[in-house]
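Two complexes follow with chain A in common, the first pairing it with chain B and the second with chain C.
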Partner chain A sequence: MEPVLWLLFSAGGVVSALFLPVLVFLFALAVPLGWIEEPGRDRLLGLLGHPLTALVLLGICVLSLLHWAQRFRYTLFDGLRLKAHERPINVGVYALALLGSAAAAVVLWQAVAARSG
Partner chain B sequence: MSEPAQQTQRPYRPEISRLWWLRRRSYVFFVLRELSSIFVAWSVVFLLLLVRALAQGEAQFRAFLDWAAGPWVVALDVLTLAFLVLHAVTWFNLTPAATVVKLRGRRVPPRAIAGGAYAAWVAVTALVVVLVVTR
Partner chain C sequence: MADTITLEVARYRPDRETEPTVEAFEVPLRRDWAVLDGLNHVKDNLDGSLSYRWSCRMGICGSCGMTVNGEPRLTCATFLVDYAPGPVRVEPLANFPVIRDLVVDIGDFMRKLPEVSPWIVRGEGTSVEEGEYLQTPEQLADYSQFSMCINCMLCYSACPVYGLDPEFVGPAAIALAQRYNLDSRDEGADVRMDLLIHPEGIWGCTFVGECTRACPKGVDPAGAIQRYKLTAALQSLKSFVLPRGPR
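== the complex of A and B ==
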């Protein structure tokens, strides 16, 4: 199990490093603060609700969350020296990552449905 | 030499403070890099809130943009972007150490691998900007 988790951690590390800075810059700063001409709901939904985009976004979300889970539990083990509580921490972070992945699937599916409906 | 067994067998446990990483700059940097994962997770949450608002309707989308333009959310997202860049740079700099690529029996130099990673970053960034900004 552990090698698989490290593999997913690495995949999530690559994907989050490639995609998240530009996505956060555009959607968390440039669009809300009006640095760029706001694309409008129809255009954004057309883009993000496209099945292909939604699938790519789902991959980015799931892998990034698994990256977070692996790195954050080691932050707790090493940074805060909580190795003694390994089991509840493992269960907690991976339960959160799976819950987040399920939420991502639901939300992206709603966007695909809203776009076509 | 007759020590009581209890004393000699007690395991050595050095006392390490929970704030051990504040003692040196390189330790602080290591912990900052590790903390970037929290901001990776927050980015995912933020993007999903955006997609949900988009799916719900025009009014919800407007409300989301107003919320995202508030001072606290903007401050958090500026911090988030800084940690994401820290994550990306440290990740791409470590890529050559983690990947050994051989071409025709020769090892591809580490600098070329790091260069490839940065080139991929630029390409992905440009692609996303073009998709979102151009109409």
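== the complex of A and C ==
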């Protein structure tokens, strides 16, 4: 199991390092502070609701969350010395990652449905 | 520049003390003196009972690793002037049991090292008449960085995972396994993988990266472990997809 989790952690590290800074810069700084023109709701929804965009964003969200799960798991094990509670921590962090992935899937699905509807 | 500098040296003499203590010594501060020269001055002139390991004085033998002002360092390559005006705290390597003063018990590392077969493993050797095993400069470059390891154990001292879990195989042993795995003359990758895919092998590493920072020879054990993880993970996937296929 560990090799698979590590591959997902590793992939999550790559995609989050490549894409999240760009997305955060665009939508948390550049657009709200008016550095670039606001794309407008319809244009943004059109982009977000395209199945390919939704799929790519879902991939980024899921892999980033799985990256977080592995990293946070080891922070708890080694940083807070909680390795004695390995099983509940493993279940907890990956359950949270899956929950977050499901939430991302729901939001993206709504965008896809809104665009096509 | 002052003429002297204070060395605060950790002392532990199990016949006299139950807990380690610190003893201060004034040693000459010379531009070309390493911390090890300061310790040798103490031993030769001030207190002959001070115990510590050293041999070559040129960063080759890996014997004189100690904790200098909280950092794992080779004391032969760590200069007193860099710590002026002092004091300089010299302690044994962290994460190892202390035998006496600055001497630590390296038995754990010495047991782990041969387990990864850090030598060239050949299935069927060729005869001497057939000549050498030839290698191109590119093939040499694949592993030469990892062959710089001098077994000084500074990486074990720096590794917080090894500090918490002494069962962890550890940075140098994994880097040395990788040194031979990447050698075109070697055929022992499968033997080493059986040991290293154990939870206390490569998967024990959480990529803190302190081992690479501590290495005095520019080896990158953290990089070696991550590369090995990728190899092992892909191997695991392959054996999952093709359970009866060749390894």
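Keep this in mind: the second predicted complex is superposed on the first by the 117 of 117 C-alpha atoms of A that agree within 3 Å, B and C clash if a C-alpha of one lies under 4 Å from a C-alpha of the other, contacts with A are read in each partner's own complex, and residues count from 1 in each chain.
Heads up, the rule we're going with is that a residue touches a chain if its C-beta (ideal position, glycine included) is under 8 Å from a C-beta of that chain, and two chains touch if they have at least 3 such contacts.
All values reported here derive from a predicted model rather than from experimental measurement.
When the two structures are aligned on the shared chain, A:S10 is found in touch with chain B and with chain C. By the touch criterion defined above, A:E2 reaches chain C but does not reach chain B. Comparing chain B with chain C, the partner in contact with more residues of chain A is B. Applying the stated contact rule after C-alpha superposition, one finds that A:Y74 touches each of chain B and chain C. In the superposition on the C-alpha atoms of chain A, the part of chain A touched by chain B in one complex and by chain C in the other spans residues 10, 74, 78, 81.
Contact residues on chain C toward chain A in their complex (touch as defined above): 160-161, 164-165, 197, 199, 203, 206, 229-230, 232-233, 235-237. Taken together, the chain A residues at the contact with chain C in this complex read 2-4, 6-7, 10, 74, 77-78, 81, 83. Residues 16, 18, 20-21, 31, 34-38, 40-41, 43-48, 50-52, 54-56, 58, 61, 65, 68-69, 73-74, 77-78, 80-81, 84-85, 87-88, 91-92, 98, 120-121, 124-125, 128-129, 131-133, 135 of chain B touch chain A in their complex.
Listing the residues of chain A that touch chain B in their complex gives 10, 12-14, 16-29, 31-33, 36, 38-39, 41, 43-45, 47-49, 57, 60-61, 64-65, 67-68, 71-72, 74-75, 78-81, 100, 103-104, 107-108, 110-111, 113-114.
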